[in-house]
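In structure tokens below, several structures.
Each of the next two complexes has chain A plus one more chain, namely chain B in the first and chain C in the second.
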Partner chain A sequence: MNSAATPVPSHDISTKIPLYEASTQFKHWRHSPEGLSRVRQSQNEVAVAAIRNNLEANEPGSSADVAFLTADEEVLLVRLYIAKITPLCANFRFPEEVEATAMTYLKRFYLKNTVMDWHPKNVMLTAVFLAAKTTNNLISLEVYAKGIPGTMPHNVLDLEFLVAQSLGFEFAVWHAHRALWGIWLDLQNLPGGTLDSAAYDAAMSEIRASRLTDVELIYTPSQIALACLSLVSPALSQQWAASKLTPNGSETSLSLAAVQGVIGDIQKIIKANGAPPSVEAVRDVDRRLRLCQNPEKIVGSKLYLAKQAEAERKAEEKRNKKAESVRKTMEGDPFGSTLPPSKPGLVDYDDDDDDED
Partner chain B sequence: MDEVVKANAERQKRWTKEKKVGEGTYALVFLGVEVSTGKKIAIKKIKVGELKEGLDMSAIREVKYLRELQHPNIVGLLDVFSSKTKLNLVLEFLESDLEVVIKDRSLVFLPADIKSWMSMTLRGLEFCHRNHILHRDLKPNNLLIASDGQLKIADFGLARDFADPGYKMTCQVITRWYRPPELFFGSRYYGSAVDIWSVGCIFAELMLRIPYMAAMTDVDQIKVIFTALGTPTEEEWPGHTKLPTYVSVGQFPKPALRELFTAASADSLNLLSKFLTFEPRKRISARDALLHAYFDALPYPTHPSKLPRCSKPAEEPEADDKEGGKGKNNRLKRKLMSPEDDAKIRPVARKLDFGKLAANSP
Partner chain C sequence: MQAWVTDVGAGGTCDLGLSLACESCIDRLFTLGPAGCPIPGCGKNLRKLAFTPQTFEDLGVEKEVAVRRRIAREFNKRREEFRDLRSYNDYLEEVEDITFNLINDIDLPNTEARIQRNRAENTASIELNNQREELYAQSLKEQEDADRREREHRADELRREEETERAEREKGKREIIDKLETSHKDAFKVVAKSRASALKRASARTTSTQTQSNAKLLRSRAAQSTIVPDVPHVPFTDNYSAYEDKFSLKVGGYSDFMSEAVRKDREGIMRGGGYKVEEAWERAIRCGVASLDLPPLSESIDVDILMNPA
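And then the complex of A and B:
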């Protein structure tokens, strides 16, 4: 018992929930297929209504003829930019984890935002930069921006906070390619002939295809990994799944049939959407996006300028107030008058005076 | 307004910040309360806007890991929100830390108290390691104490996931006195054993009430370690002389731990020697340490609520206590200080026998 060199026993010290189920990915980023389209649908409707308002405010009557993007069209556009993350990461020789993480970030970002507010071309650059940091593959901002033609450091940084916020500051991602590696290690421990590493490589290609789809927003990494392996070698995937069932099969709710059902669903999605969308199909969407972008977010538009002016006016007001109160203090009793009662709960969080030096 | 911005505004209304209690190079710490319950909390406000690389790596690490880790012995991250360009981490309010407790000369530690702190530290660490996370900065100052006596591991600014075999990591981690010898020798491939060495140093410090192996420079630190535990032989730690920055600092005999830890039980010395094993692969794991006979033997660990603690709340003046002023500052200070900031030089734990040293040098 006291020997430090013995391998870790397979049973757990306490009966806890599986590690994966304690993750933010399990708790906050899992949807049913229907739930996922509902989220996107309502996201799209809210965005269209807000932009229509803004267009009208900018120029009355201007929203009548605008063909706003549908939820499906938004997804299509985002998928094009997810596919572009691969060559971008290859350019910087980032490990696969950066690429996979950035793709997840981009998908999660657009569950909270619309492409009509934030163009995926820009968000993608920020997502990759942030993913490099969160996976411990830090690159200097300057080097990063230099490596991408036409990009300035501020283009990357401007959206970083918004992206982090949209992710709920939940940076940890559980990836299917890690699960596949785990399955592969398991397989090496099972009796049977030697494994052909070509099967692993082929399954990895399926994993990469799966990243262009929604499967990670619906299924667990291990389900996706098993589905990908099964596409390549049904025999290996069966052998592994069978090894995970308890000997008499009664103590677990897991049955091979149920596993096969889930795997089949995942495979259908990968086959349908596992390739990058054709540029032709997206071109029309992108062209229309230029007409229905939220004017509030377009630098130089009337509404954008109005919003900037409003923010500036508020800041000015605040500065004046502060100057006024300082002046008053200076004029009166140098020791000040009696202190006003403190009012906890009324803290202005936007008041960052406490750290302006 | 954007959904994300709206949600953020909702979040920040749930907390108030009342007074600033600490300031460091990258963050400010405020005390506050949860509006709905009146429960005390701490808000760590991280400057982001003026950083030219954007979100800072330690902030990212801290948020990434604390978001995932929920355990009674790991500091709770209750919420994250932003105000303008500042990142606000809402953390459990913890009134003290183990360093303050160790330094409070008015407190007497019973063996059962030490066992209690050790078991809480190991349970928190076992949970990190089970989640494939290395802490990489364990020290008494990062083990916070809640008002109910629970010990919680804090400061994940240097933490990272276990790397795959063959993937290099930096060896510039862990505060010097708690850093294992393999990192001084430039080992770039390591695992959970680095945290275990720190736990061993903390265990010794709890028994001695002063840091066990405290040196002023990295080179001296190796010498201090080898003086305390004896220079490892090739058999004890195979291959260590081949590590990238290995230097020979001389042959030191292996003293019996008993000589210094005169009051310790045989079980505790056995466990201590397993924490401070040179060969990282033979160093005990957090999980096996929890199963060690030390924790089964009498006396049983003290209940957290009955552990020694600094008696007076931080706000009260402590006129009759010479240590009072210092203790107060320490309690208010959060994790914003590196050991280099800490100008005080603490006494070296053991007597260095220079006569013997010279005699044994080649």
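And then the complex of A and C:
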């Protein structure tokens, strides 16, 4: 009773957790550049070892001359499909948010999986459908599948749970394009700081380029947005950053100069990787992928059939077991054996007349 | 058919839910004083006094009502007896605790002791409040009586008015006929003149009868209840900072081509669900300043995070 009487504690601003650092994006999807490549490398190695095993089991000696994909080649392939999300979303007139979210999902998915297990073509379709749902722009599955040639509803739906699971069901994404809008609005609080819509559009195209890179897995959305704006209007961005940041940093916060350095890094990455990969470069990767795909997951392969048979056998076993138990219960008299005669109690409950006996 | 149950009062309670069909059954079993419960396995000592007619189908409800009636007699402090709202609320909570314990048979000896203690400490106040309660009930009853009399009186009045009106109308008609018989004037003029005088009489009547509405009564009753000041309720406090120190919204709004369609939407179709462009702006700007100074991960920390994902 008394616990409710304690006054509301007034928090010191320094001990408070900034909202962004409470997000799953900060907690689970933020990497260092080195960490990122290490994750991909180990993912690749594990997958290659597993697939080599499976190939050997399928046909002994067959894995000797297979050229498996490297981690970099996997990234290249994924980037191609990230770039394909843009025309797909334009086709359905999805808003920017769906596009950006789907791209984030695809990137995150391939930090937990490899293209040799799950081809990005199907995962991409699922990621867009899932992003449309999680950003409240949903579209019916039939309409969606009909809008993409050669796609059936089950192609999209089969992978949906896998994708959601790989994302850890963490669907909320902090986007750089929203941060850019915010910074562009906030510029109006600076004296003479208004930028026209053309400059905004130019910065937005830089944001779109940044989505083809890994920057969102390394930096915060506000840093990416500032970097993109800075590419369009360096002086104004500098002025705005100076109004928000202190000249002296600490362990947990960067100084103004350090942020400028971070922005420079982001811009370098965007310039280097901000264009979709050429189809020619990817074609070879895709051709080789067909040879080194995990046979467990290719319909019709020996291993796939073996796995199916195994699953089928297990299901059959389960069915038999169930039938057996049902049969047992149905045997004999459905009403069971007769009960022993009950002993007469103190009160005769069957006596419902009013006579005094 | 009304059943008689033991679940509520003094004189013992059957835990197995004994219920008897009529009073003669009770007489038959308990006429010689306390006797064991006839349900085998219960055997509790019960008295005739323990049985009350069952009002609710659910015995749990029956019991709760009885417990609440009892508790309301014991714990009847009022808001005015407390310094502030919080201590009053604490008191109410304690009462509810005791009630809950009694209803659900939790820690009965202790609970009864609490009730005893309360009675010992507050005998005077309980008595006083009970008297007040009675007085209030009485005054309420008087008020209701007065209201009812007032209504009856008004209905009488109306009936009488109608009668006099009808009588006057009859009289007017007869007058017109008389005049038409006896005078030599123009028939139309005679009718018009008598109609005018009838109208005058009717309007005089309506202004004289002052109908008192009972709205005045309601107002006076509302004024009796005093206004209790209450501290503002803080619904939710957390330990997150939403970067309030990093930005302030521009007064008068932004010039923003992105949200033009929403702001120019005169019928408010787009804002139907409660959309406010200011909130969208605030969210965007918050996102724009969020963790702008966050250092990118360095190698040593990253290993940690990878080792313990989530």
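General observations
Following the convention adopted for this analysis, the second predicted complex is superposed on the first by the 299 of 357 C-alpha atoms of A that agree within 3 Å, B and C clash if a C-alpha of one lies under 4 Å from a C-alpha of the other, contacts with A are read in each partner's own complex, and residues count from 1 in each chain.
One rule holds in what follows: a residue touches a chain if its C-beta (ideal position, glycine included) is under 8 Å from a C-beta of that chain, and two chains touch if they have at least 3 such contacts.
Bear in mind that the values here come from a model prediction, so they are computed numbers and not experimental data.
Within the superposed three-chain model, A:Phe161 lies in touch with chain B and out of touch with chain C [touch as defined at top].
Contact with chain B, but none with chain C, is seen for A:Asn136 once the two complexes are overlaid on the shared chain.
More chain A residues lie in contact with C than with the other chain of the pair chain B and chain C. Within the superposed three-chain model, A:Pro221 lies in touch with chain C and out of touch with chain B [touch as defined at top].
Legend: residue contacts after superposition of the two complexes on their common chain; A:Ala272 is shown touching neither chain B nor chain C. Legend: residue contacts after superposition of the two complexes on their common chain; A:Ala22 is shown touching both chain B and chain C.
Once chain A of one complex is fitted onto chain A of the other, the partner contacts of A:Val46 are limited to chain B, with no touch recorded for chain C.
In the superposition on chain A, the residues of chain A contacted by chain B and by chain C overlap at 1, 5, 8, 13, 19, 22, 168, 345, 347. Those residues of chain B whose C-beta lies close enough to touch chain A in the complex are 2-5, 8, 12, 16-18, 20, 28, 32-33, 35, 45, 47-48, 52-55, 57, 60, 63-65, 67-68, 70, 80, 82-88, 126, 130-131, 160-161, 270, 274, 277, 281-285, 287-288, 290-293.
Interface of chain C with chain A (complex): residues 28, 38-40, 86, 90, 93-94, 234, 237, 239-243, 245-248, 250, 254-258, 281, 283-299, 301-303, 305-306, 309-310.
By the touch rule above, chain A contacts chain C in their complex via residues 1, 5, 8-9, 11, 13, 15-22, 26-28, 30-32, 34-35, 38-39, 168, 174-175, 178-183, 185-186, 188-189, 194, 197, 200, 218-223, 225-226, 241, 244-245, 249, 252-255, 258-259, 262, 265, 345-347, 356. Of all the residues in chain A, the ones that touch chain B in their complex are 1-6, 8, 13, 19, 22-24, 43, 46, 112-113, 117, 129-130, 133-134, 136, 138, 140-141, 153, 156-157, 160-162, 164-166, 168-172, 344-345, 347, 349-350, 352, 354-355.
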